[in-house]
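Here's the structure, in structure tokens; my notes come after.
For reference, chains read A, B and C in written order, and residue numbers begin at 1 within each chain.
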Amino acid sequence: MSRNIFSRKRQIIEERSLSERSFSFIFILLVVLFFGIPLLWLMLAPFDRVASYSIKWPNWTLSNFSTINENPYALRSLVNSAVFSAGTGLLVILIGAPASYALSRVKFAGRDAFLYVLLLFSSIVTGTAAMVPLFLLALKLNLLDTYHGVILVLTGGLIPVSIFILKDFTDSIPKSYEESAQIFGASSWRILRDIVTPIIRPGLAVIFVWSFVQAWGNFLTPLIMIRDVNKSPAANMMYSFYTEGGQAILPLVGAFSLLYTAPVLLMYFYVNKKYGFRFYGGIKG
Amino acid sequence: MNKGSRAAKLGNPILGRGAAAAFLSPSVIFIAIFLFIPAGWTIYLGLTNYKLTGFDAANTKFVALDNFLKAFQDPQFISSLKLSIIYVIGSAIIGQAVLGFLLAWVLSTFSARARNLVELIVIFAWIVPGSVVAFLWFAFLNADEGTLNRLTGSNIEWLIRYPMLSIIAFNIWRGAAFSMLLFSAAITAIPKSHLEVARVAGATRMQQLRQVIFPSARPYIYTNILLIILWTFNDFGPYLLTGGGPGGQTEVLPIFVYNTALRFLDFGYGSAIATVMLLMNLFISLIIIKRSKRNR
Amino acid sequence: MSIVKIDKITKVFPGGVRALDELSLTINDGEFFALLGPSGCGKTTLLRTLGGLESPTNGVIEIDGKDVTWLKPGARNIAMVFQDYALYPHMNVLENISYPLRVRKFSKEEINRRVSQATKALSIEDLLERKPSQISGGQQQRVAVARAMACTPNLYLFDEPLSNLDARLRLEARTFLKQLQRELGVTTILVTHDQSEALALADRMAVMDKGRIMQVGSPAEFFHKPANVFVACFIGSTPMNLIDGVIEGDKVLIGKRTFNIPEKIKNKVSDGQKIVYGVRPEYVQVSKEDGHGSASGKVKVMENLGTHYLVTIDCDGTLFRGTAPDGSEPKSNSQINLRAEEGRVLIYDKQSGDLIQ
């Protein structure tokens, strides 16, 4: 870094000293290594003919992916995950959207406090803390070992936050839209369908994706509710691949991990492209 | 004329009463069934000695606070509680929050491309499903072939020798992205002019941090801390990596509840522990909210 | 036939605000009726009550002899154009206009017929494929009107339809709207805070204040004979002269100056009565005469209004306004006399604010 008079002036504007910048650089480098290295396995081993626990340059092949076909439960579990996740995502927006809309428009004393308390309550009564009654509930309602059972339980946990987020979207719809539709004779259902839903579509997309991703990675609920291996989702199947008896079948595990991860990665890219993946000030206090 | 007096009292809302009820009832039902009932039921069960099998299954008794007394004399529970606290402080507070903030702050001075690239990597760690993350770390920490040992030239069985450290690192890896994104939003929300005034007044970066950034970011900090403490405290993730072992050395509370209630089928006692968790969740939330309100 | 009868409507909001206070009004078939008043006077509340978006606390509304007070908005066969036009952003112009018809389940042919009729009348046929965000404010307004038209309602309600347009567009739209209403011949009620708009558009109008009607009548009546001081202040692009005075004998005494009492009301006033002397600057001229009937003072402000000047003088501490034709305007700071045309003077009772006639 040349230190003549001219760059000195520039240094006043450039507030970071050399030592600061090198610390920053080293820090970021460490961070990248910390987060990046374990990830490398996911990108390399699935394509490695001789996959091992190490991260190494692969002996490139696609044959690992065919092992998934050979395992009777692997593909099945991915389909199960898809069913659970899509089902949860759909149910959440089907139930959440009308509720947010109603809450946007109907005022009752303490409505905002109620919402806040609801949100808080849902953070406190977690799947973990409530696992016993959820199990017993599923037992008594015949929901154990069923697709709809898992979807219902997963949905239940996601509804409060979804309503909270969607309400921001429904709040922003000008009342004149609905009033004009009312004057034209549209019923509340029509208004919800024709006007509210299309306008809050971005919010619905966000909530769908979020619910999908939550359900896709959820391990505990299926652990508690599903006994039948044929209905087991990928999260639990994955776990069984590396814990059940003896050595993990690494080619299978690698390929399976990638297939299992791919959908959520794609969803991230999609949401990021369309809406940008940042918290725009909506999460303060 | 009386037909409308009800409507008049409502001030003619856009949404008729019937429609509003119809729109709200599904969620109300869900919330009742999956939030309120489980909460109450957990507490109720904690006051009984309900077991699914064995002698007591036939004679479920109301034992009031016996379970709770038993818990606080149970060394396994105490250990579990301690482990949870260490887990939260280590991975949530020090790990995710501090790391997330540092990342957001340091990256704010990098170019957009560099920032996006680094953030992408951190976010990937967050998005990858839990079971896969667990396996990636399983492989990374593997004694014989794991990359960590290959890089450091050792052959330590990390998951056995340093289980808590392992799950803490694992959780930081998984969760830092959330804090990073949140604080990134907090920092970009600060008007540039505030920082420039400080700079012109001669403040160092550290001073700027303390005097401009922290005060502005306060609500974000509180929200963030609240959320990640709750999430980490209730996190079942360690099960994926260590199963709670070896020998219960990483048996944080969620795993302890699972083992007690759903493996040993002691629902009464398990629920009592879960009730303790609920109360702690509540306690944590209230404290943080109170603190955040007080400092407004 | 759409006669609108409003009978002693009262509307009290939950907070206790009395937006409408035993208001009664009749609007005739085919009329273009304007509701004018300052913010908060209740005009929008009245319109919304007519539309069914608010329910009155008391009173009756009849349209064509039918009691619609408690009828749902959709059942009243009316159409409303909102200030923000309320065009649905996700539908294109065609879908927006046809929406009410689709709700009412008209046949495809009927929908097409009505839509083309409306779009032709408003010259927006080539905008049908576009979305609201892709058209200008003026075009949006016409789409909103077309949507209302397509339903062939018995009554049109317009809530400040021109406020969101910029000044020049507003005047064009005004003319267009007046012509359209004439052609359609459907009863139309318009709410506005712009008195020039009301005067230009309405067949008859009402000025409201605090939930009550201050005056109902034709624009000409409003201009020449505002019924009370409130209305007098409100109407007219140039503020009316309203000056406190008192009756002394058979003259009006303002300060030290005396003025004539208009012939017609000479026997309607009493000695010592406190009054307000009102006359439009348009009917006040510069004069050479001084003394009784003249206001004299130094010219304070000269405003150029194109064909004439608005002259403001300071007469014994009170500001008085008159006009002078372009070309013979007085010089600033010069001492002049202003005289009002006899027939144009209005005397109001100070206490009640009402016109003495």
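Heads up, the rule we're going with is that contacts are C-beta pairs under 8 Å (C-beta built on N, C-alpha and C of every residue); 3 or more make two chains touch, one makes a residue touch a chain.
None of the values given here were measured: they were computed from a predicted structure.
Undergrad: Measuring centre to centre with C-alpha atoms, which chain is farthest from subunit C?
TA: B
Undergrad: Of the chains shown, whose Cα centre falls closest to the middle of all protein Cα atoms?
TA: Closest chain centre to the overall C-alpha centroid: A.
Undergrad: Compute the distance, rounded to whole Å, between the mean C-alpha positions of subunit A and subunit B.
TA: Roughly 15 Å, centre to centre.
Undergrad: Subunit B to subunit C: how many Å between their CA centres?
TA: About 61 Å separates the centre of subunit B from that of subunit C.
Undergrad: Where the centres are mean C-alpha positions, what is the separation of subunit A from subunit C, in Å?
TA: 56
Undergrad: Enumerate the residues of subunit C that touch no fewer than two other chains.
TA: In subunit C, the residues touching two or more other chains are 52-53.
Undergrad: Residues of subunit A that contact two or more other chains, please.
TA: In subunit A, residues 179, 182 touch at least two other chains, as defined above.
Undergrad: Could you list, by residue number, the parts of subunit C that touch subunit A in their complex?
TA: 51-53, 72-76, 78-80, 82-84, 86, 88-90, 99-100, 103-104, 151
Undergrad: Hey, which residues of subunit B end up touching subunit A in the complex?
TA: Residue list for subunit B touching subunit A: 13-16, 19-20, 22-24, 26-28, 30-31, 33-39, 41-42, 45, 99, 102-103, 106-107, 109-110, 114, 118, 121-125, 127-132, 134-140, 142, 144-147, 150, 173, 176, 181-182, 184-185, 189, 199, 205, 219-220, 222-223, 226-227, 230, 234-236, 239-240, 243, 253-254, 257-258, 261-262, 267, 270-271, 274, 277-278, 281-282, 285, 289, 292.
Undergrad: Which of the residues in subunit A come into contact with subunit B in the complex?
TA: Going by the criterion above, the answer is residues 15-16, 20, 24, 27-28, 31-32, 34-39, 41-42, 45, 52-55, 94-96, 98-99, 101-103, 105-107, 118, 120-137, 152-153, 155-157, 159-160, 163, 175, 178-179, 182, 187-189, 192, 213, 216-217, 219-220, 224, 234-236, 238-239, 241-243, 248, 253, 257, 260-261, 264-265, 268, 277-281, 283-285.
Undergrad: Quick one: which bits of subunit A touch subunit C in the complex? Just the residue numbers, please.
TA: Against subunit C, the touching part of subunit A is residues 174, 176-177, 179-186, 190, 194-195, 198-199, 201.
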